[in-house]
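See the structures that follow.
In the two complexes below, subunit A is the common chain; its partner is subunit B in one and subunit C in the other.
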Partner chain A sequence: MEAHAAAEQHHGPPPANVSSRIDARVLGMLLFIGSEIMLFGSFFTAYFFVRVVNHDSWPAKGTHLPVFVAGINTAILVTSSFTMHWALTSIKRGNRAGMRAGLALTFFMGLTFLLTQIAEYSRIGFAPNDSAFATIFFSLTGLHGMHVFIGLLLLLAATIRAFRGHYTPEHHHGVEIPGIYWHFVDVMWIVVYVTVYVL
Partner chain B sequence: MTAIAAEHGVHMTPAPPGPRGIRRLLAPGYVRCLWTIPLMFGFGAGIAALVRWLEAWHPVWNGTVITTISLATIPLGFLGGIGGFDYWLGYAIGRPTQPEDHSGHGARSWKDYFRVNTDHKVIGIQYVATTFVFFIIGGLMAMLVRAELAKPGGQFVDSQTYNSLFSIHAALMIFLFIIPVFAGLGNYVIPLMIGAPDMAFPRLNALSYWLLPIAGVMFASSVLVPGGGFATGWTGYAPLASHQPLGQVFFNMGVQWAGASSIMTALNFLVTIITMRAPGMTFWRMPLLVWANFTTSLLVVIATPFIAGSQFFAMFDRVMHTHFFDPIGGGYALGYQHIFWFYSHPAVYIMMLPGFGIVSEVISTFARKPVFGYRLMAFSLVAILILGFSVWAHHMFVAGMAPWLRVPMMVTTLLIAIPTGIKVFSWLATLWEGRIKFTTPMLFALGFVSMFLIGGLSGIYLGSVPIDIHASDTYFIVAHIHYVLFGGSLFTIFAGLYYWFPKMTGRMYNERLGKIHFWMTLVFFNATFFPMHYLGLQGMPRRVYDYAPRFAGINMFISICSFILGASALLFLYNMITSWVRGPLAVGNPWRANSLEWQVSSPPPIFNFDAIPTVVAGPYEYGVPGARHAIMADEAKTADSVHAEAEEVRH
Partner chain C sequence: MATPPSRRTWNPLRSEQEAFQFLIAAMGYFGAIAIASAFGGVWAGVSVFAVLTVASVAWLLNRNRHLDPPAT
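This part shows the complex of A and B:
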């Protein structure tokens, strides 16, 4: 976060000792991602039970998954990770225009991904309560979609702030932390795509 | 509190005048909830109706769906109304960042405990007070359960109501009392213990507290829903849960709120402990309570998402008719139990490890001896943390799971007895030749060691497959769980509350009442729960409101004892409340303890320390000549100024 704080601090607390080299906010985000991985883990456990333990047919008979469209969507999301990285390296070098462009691009690519997924849902031809396969398909992709949505909210905040003149080469946690989350969402999608669509 | 603050000379600026008139609708507070809650409710219901209309599902306005969504949106409206999100919303639209300016720190009057506050000490007290409210509600439900069971046959309630009584009792005691009360105590004590002015994320800390009453109200209010409260037991097994009245959804969603609260607090603890320790406070100099909260928080962060998942799945199966656990649609019925217990076994350590930490503090202080095998104590916490993830299926020996899983799970379960045994022996060795002072916290700590031992031993019985097959779903289980969670966790909670009461309130509790409370609790706890071992082995099933007439005598005895046990809790509350209002003032360090929280005034200054102290050795150097844990900053200053004065006199 930037040091826009009021300079005249009223009678406040003593500054805390810094007992670790890692920044508290980055550490907090990393631990949160650990928790998120476990949440995905519980959904993948359900996947495992249906697909491996129960041997349900995958996809269910008479349905098929739009592997190709989802593949293009995957490419969009992976690209957005690179633009996110570009935004962060830009502000580290003091290139504000690069940061703004990178954040805005990332946001719109994420939005495209989410809208494509919603369109995919409406045309897929089966509903969550049709079979255990459908249940797992919608829950895994839906859980991931929720994460894209949260990531988009974080990105939106970072983008608005970037366009309102925040962030400097010294203070860019507001870009870095949503970025870490966005990379996580991206990597998680690759896992979901491979296990649900490809395998 | 105001009076205490004044008496202790704590400087507090008067509260700025609150907003008046129409502005109160915009300022954070309960008034703003009047429109934020309906707004969020309408938003959620509208989206649900829109999707159903687009998909041509009928009816468009579906009561179950709207209720389910409202259990997420109404709390969000409430949190927004009281101001839980104000800063972040401002941040998102580009306002300058402000490191939490601590202007809201401290409580000026009792009203401040009902507002969003970022002070870890206020939050700690909010936590403890809230959890005790739910402790009383859950306790009253237990009294009703015992009243019903006093005689064979139906007495007051029908079977469904009976089932929901013990279900809500368990859900409140686990998710609204034991887990969060430790978070509350930790919130108050841990920043002080490690020499930090506050938690790492004060605003997140405030938010995580406010999620808690939401969960509690959800559990308790499920009885008002048509069809009655959730009645599946706190385990909420699917597919049973999928065919229950609407109250079941209140359980599913309540768990999500309580779980989110616990994950957020755990993240906060971990970051605080890692990044904010005082100079010299290495990991091997941390008090064991800090170690315990550190390992507990890791457990919470890793395991809690699994119960979140299990409740989502069960809820979707019920509300959306999905097929996670429904075999007809291709689901896997046992899956729920695997996912649920993958959290809920580690959860028993979430409910136990902080208690281990408290007991280590109390025993060492009142035995006036260093903790025996300090490093081994910390290592055994970590060992329990790791082993705890490999034993979940010992709850499923009779569930029809793969038979080959039984023996490995039995072996890992029995292995946990090793680190636990290390801890028990270490406490005993700490007591050995100590100069023991039998204060109330010490009595509860010693009571804990003995009661937890009994609970641990019956746990070893239940961990072995053949005995478990015999004792499953009988009162033996009820006895075991209460020896672990009441004789274990609750005793440590009492120990911790009596121990830190002077620090938290600035006043001493009544020692005589405390001792009476202890002996009443110990005697009637055993009288209530020990006979249940016998009942269980004789074949009395649990979770049934009627039973064979041959168990009538013992059940009547148990019920009477349980009412006296309930009354003993009133004695505790009376002691706490009257002592808080007009107990004798407490000095900074009434127990002559070494850890940092005792080196400041009682209650501590608003910002804990004027300057951060320097830690020079471990926290338990009792009886070691010349040893000390930390040098307080003002000590160094006073020494300097004394020196300067002496200089002046000389000139």
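This part shows the complex of A and C:
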């Protein structure tokens, strides 16, 4: 009887069908990252075309990539994934201090990575319009840098909410979803670093 | 009811835990290729790339073969 009364009082469209296999918010991030993988794929296609098919010298004559500095930056970014994982593991166990520390450390390491990359750009000694190599170098690393910037915004929001007392061991999607994105950004950097700087 | 993690198709973007595992796997995969290229040259790198890629695909296919069909 009560259910019938509640149904009569309900206005608006019926609730959307929800899959029991995956949360709608996680599905949204999954689809977004899928589109990002395609975007990075198009940039890597251009990269391999310039490097392999176009027979340009690699790296272009007179250019030198700061492999060591980028390697340190890679270590910083990879470490930030571990602190991100620590943050989520902490909140799942009810450890708020661990979550806050993990999120703050992840944010500051990501910021360090981005600032180091900007400093690298200012001292690298070539411009995007110097050669095809320079264009694709700045395109790939710049695209990744933009993703780090977006990740930092997500992390900042999660960190502020964490310090305001949000998130519980049962409800922590606000940490989990930026975490998935942050690991994706890290994996993409590993691919960029190995293919552009090392190989 | 959610499917237990051990009985699901592996998806690196489903949860932070799986994304983190994927990151560790990517570090091992690309690290091995880079080390092989640095010490053994181009063809050593290509060989490690081929072996690891085939092994990864075989592991993935073998893992998914034993999973329950999706609940409908």
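Annotations
What we mean here is this: the second predicted complex is superposed on the first by the 180 of 199 C-alpha atoms of A that agree within 3 Å, B and C clash if a C-alpha of one lies under 4 Å from a C-alpha of the other, contacts with A are read in each partner's own complex, and residues count from 1 in each chain.
As a working rule, a contact is a pair of C-beta atoms (placed from the backbone, for glycine too) under 8 Å apart; a residue touches a chain by one contact, two chains touch by 3 or more.
Since we're looking at a predicted model, the values are computed, not measured.
When the two structures are aligned on the shared chain, A:D186 is found in touch with subunit C, with no touch to subunit B. Looking at the shared chain after the overlay, A:W58 reaches neither subunit B nor subunit C.
By the touch criterion defined above, A:F137 lies against neither subunit B nor subunit C after alignment on the C-alpha atoms of chain A.
Which of subunit B and subunit C touches more residues of subunit A is settled by the count: it is B. Shared-chain residue A:F113: touches no atom of subunit B or subunit C. In the superposition on chain A, A:N129 makes contact with subunit B only, while subunit C stays out of contact range. Touch criterion met: A:I22 reaches subunit B and subunit C at once. Contacts of A:H85 after superposition: subunit C is touched, whereas subunit B is not reached. In the superposition on the C-alpha atoms of chain A, the part of subunit A touched by subunit B in one complex and by subunit C in the other spans residues 20, 22, 34. Of all residues in subunit B, those touching subunit A in their complex are 91-94, 96-99, 101-103, 105, 195-198, 200-201, 263, 267-268, 270-271, 274-279, 281, 301-306, 308-310, 312-313, 316, 320-324, 326, 329-332, 334-335, 338-339, 342, 606-612, 633. Partner subunit C is touched in their complex by these residues of subunit A: 20-22, 26, 29-30, 33-34, 78, 81, 84-85, 88, 175-176, 179-180, 183-184, 186-187, 190-191, 194, 198-199. Those residues of subunit C lying in contact with subunit A across their complex are 1-3, 11, 13-17, 19-20, 22-23, 26-27, 30-31, 33-34, 37-38, 45, 70-71. Contact residues on subunit A toward subunit B in their complex (touch as defined above): 1-2, 4-6, 9-10, 12-20, 22-24, 27-28, 31-32, 34-36, 38-39, 41-43, 45-46, 49-50, 53-54, 56, 60, 128-136, 138-139, 153, 156-157, 160-161, 163-164, 166, 174.
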